[in-house]
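Two complexes are shown next, each including chain A; its partner changes from chain B in the first to chain C in the second.
And now, the complex of A and B:
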């Protein structure tokens, strides 16, 4: 079964927007609904769309199996190292040693009702990012291995 | 309160209709698309019940990834009419 040109063009157009929306859900994970797993699943849906629309030999130029495995390993290592960092600052494993310490996500949280500051949360955005790229890599590797087992008839 | 209940009743009716469609379709691809519609309505129901976190997970996993896995699996099969 070969997909039509309409399906292929729609998937090509939709792919970057899907990735950007998934990244938005991941980055705003500590403020809005969603988080690492949900954002990673949305990003993996974008790659799944591309994999459904095209043949295996056609898609491996853009989505590489090695890069996705590297994504998965990097996400896991980021999660573990961020958690272990708490041990060197006199806290427990996954203790929030970056909260309110300055730096990228270290702003102090305002009291009372407010719209929410993106640069707060300390360790939590880092953990969300690690989980996000880990889920993206893992789910895409599953789909790539499934797709590589299918013999497409040449027409 | 009444429009809210009416909307929920409509979503539940749609869930039942799509669930019956899934098992009544003979075409596998049509059944997979009906399953995607079922998942989308289910995520809408989760959102109406004020669980937006679960709704995003359901829309991503149920409507997106599971449908993609089903379609990739169907691509590996052969249609009955094309065999001859």
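And now, the complex of A and C:
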């Protein structure tokens, strides 16, 4: 069964927005409602949208299982290594060794009230990234497997 | 420098190392067979080394605390905590150390075994990733001092366990068993979660020690106790909630079954922890002691009587696993029943508990060994049906020796480790109630009868034409079995060092509720 051109084009148009919105939820996880898991799930929704609108083979050409599995492993590794980083800074596992650090994401943020700095979480955004990438990969793989099952039943 | 660094962070590494091994597995899986096997072996060795080092540290220096996410991992109540343990704390006392030793030894043996046993299967990187996750889940369950964290690790071990049970699809039979295991585990975990919700709603705490110190034993707490105790009793396979064990243990690959036994025992640990530490003196000792005793006697008797007529060797062993769990429940139950009576506790209560706890480690070793030998027979002969097997002793002598060691140990025949722990249980339970002790002995006799039958139908008799191609199993499988067999013989020949250094501290830790609380709250 093939969806109409309107549905397919709309899905294609929405797909990048799904990814961007999911990424937004991940990135702001330490400030706004949401976080790694929620953002990753939103990103994976984009794949679900494509899968509903297009044929399975059409989608797997663009989104590969192998790459998604690698995503999953990479996200988990990032989380674990971020946690282990604390050990090398004299803290416990998952100790916030990036607290009050500046760098890539803006100014160094002191403890207490601030004038609206974004990078206030230290280690937390990094963990959110890890979880986000992992959930994106994991959920997408699950979706791909589940939909491939449906296709076989139809034959 | 490196030593102190590692020793300082052992509890974190206990979880981080198997998780790292699991997460890298999909990436290493693409790099070829040799690289994957090397990584698996490295991960298993590192996990066991960390586990044994942690246990050694605990037994040498006392309870080890580890506060996750804190500036200083050893301070349970840092300045920014406001006098309550807000972070996740690992609290590894002597009882946890015992369980960590079990999981470390067993996981090493079964990983080496599966390197050869599973080599012909596909999807191996997922298999090993799940196996490491299962190990991490079990290690986490037995070392955490946080009730919600316990639930998380319970879920990790349940999900990884269910995936592994369903790993060999086997025309859907294994998938059904996996689904059953997953469904029951999820139901149980939901009940545990509800209980945790009840407790945090009342006491604003998730830390076990804090909860124990604040416990009021209201009606809601009694409800929470039921919601905690029943799922954990189900997960450890106690009759009448044992129905998932035969399916799951039978269809899982043998190496996984051997570790599912350890996973069940982690639930047993959880049950003991809840009863002794979380609720402690608020319970009526006699009532809950007898609760464990009745569960134990039922498990022993129903398990062994169900085992006798089985024709599938792994199903038979699965029912024996239920039966042996009964001994642990009986031993610790007798200890719990006399916990309020200092005289009886000193005379036989602690011996009974020592017997029960010693039986946990012994059972993990000999039952693991038996499942591995059953897997070895299946690996070569291709069937688990006792009526079709026979004459394998000619061509698989080492597997036969390992099976004999395991079978004699489970039947409680000296000089193997099953005898050592069962003797402790018989002697002490006899002073509590001779009747219970007699039941325990009868069950042992039935166990022996059952395993004589298995031994005869698998290994004895003339060579059979259909098994002409059968040879001894590859060296890694023998090495895995030998590792467990050596422990079975060593703990049987010289049980006293094990009891003195490993079991007795665990008994003291289980009884010492005030000590557990004080380790976190500093004697408040």
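Everything below uses one rule, namely that the second predicted complex is superposed on the first by the 136 of 155 C-alpha atoms of A that agree within 3 Å, B and C clash if a C-alpha of one lies under 4 Å from a C-alpha of the other, contacts with A are read in each partner's own complex, and residues count from 1 in each chain.
The rule is short, and it goes like this: contacts are C-beta pairs under 8 Å (C-beta built on N, C-alpha and C of every residue); 3 or more make two chains touch, one makes a residue touch a chain.
The model shown is predicted, which means the values in this text are computed figures rather than measured ones.
Once chain A of one complex is fitted onto chain A of the other, the partner contacts of A:147 are limited to chain B, with no touch recorded for chain C.
When the two complexes are overlaid on their common chain A, residue A:91 makes contact with chain C while staying clear of chain B.
In the superposed model, A:62 lies in contact with neither chain B nor chain C. Between chain B and chain C, the partner in contact with more residues of chain A is B. Contacts of A:80 after superposition on the shared chain: chain C is touched, whereas chain B is not.
Using the contact criterion defined above for the overlaid structures, shared-chain residue A:70 touches chain C, although it does not reach chain B. Contacts of A:45 after superposition: chain B is touched, whereas chain C is not reached. Common to the chain B and chain C interfaces on chain A is no residue. The touching residues of chain B, counted against chain A in their complex, run 52-53, 55-57, 60-61, 64-65, 68-69, 71-76, 79.
Here chain A touches chain C in the complex through residues 69-70, 72-73, 76-77, 80, 83-84, 86-87, 90-96, going by the rule given at the top.
Here chain C touches chain A in the complex through residues 5, 9, 12, 16, 19-20, 23-27, 66-73, going by the rule given at the top. Across the complex, chain B is touched by residues 1, 25, 33-35, 37-38, 41-42, 44-45, 48-49, 51-52, 139, 143, 146-147, 149-152 of chain A.
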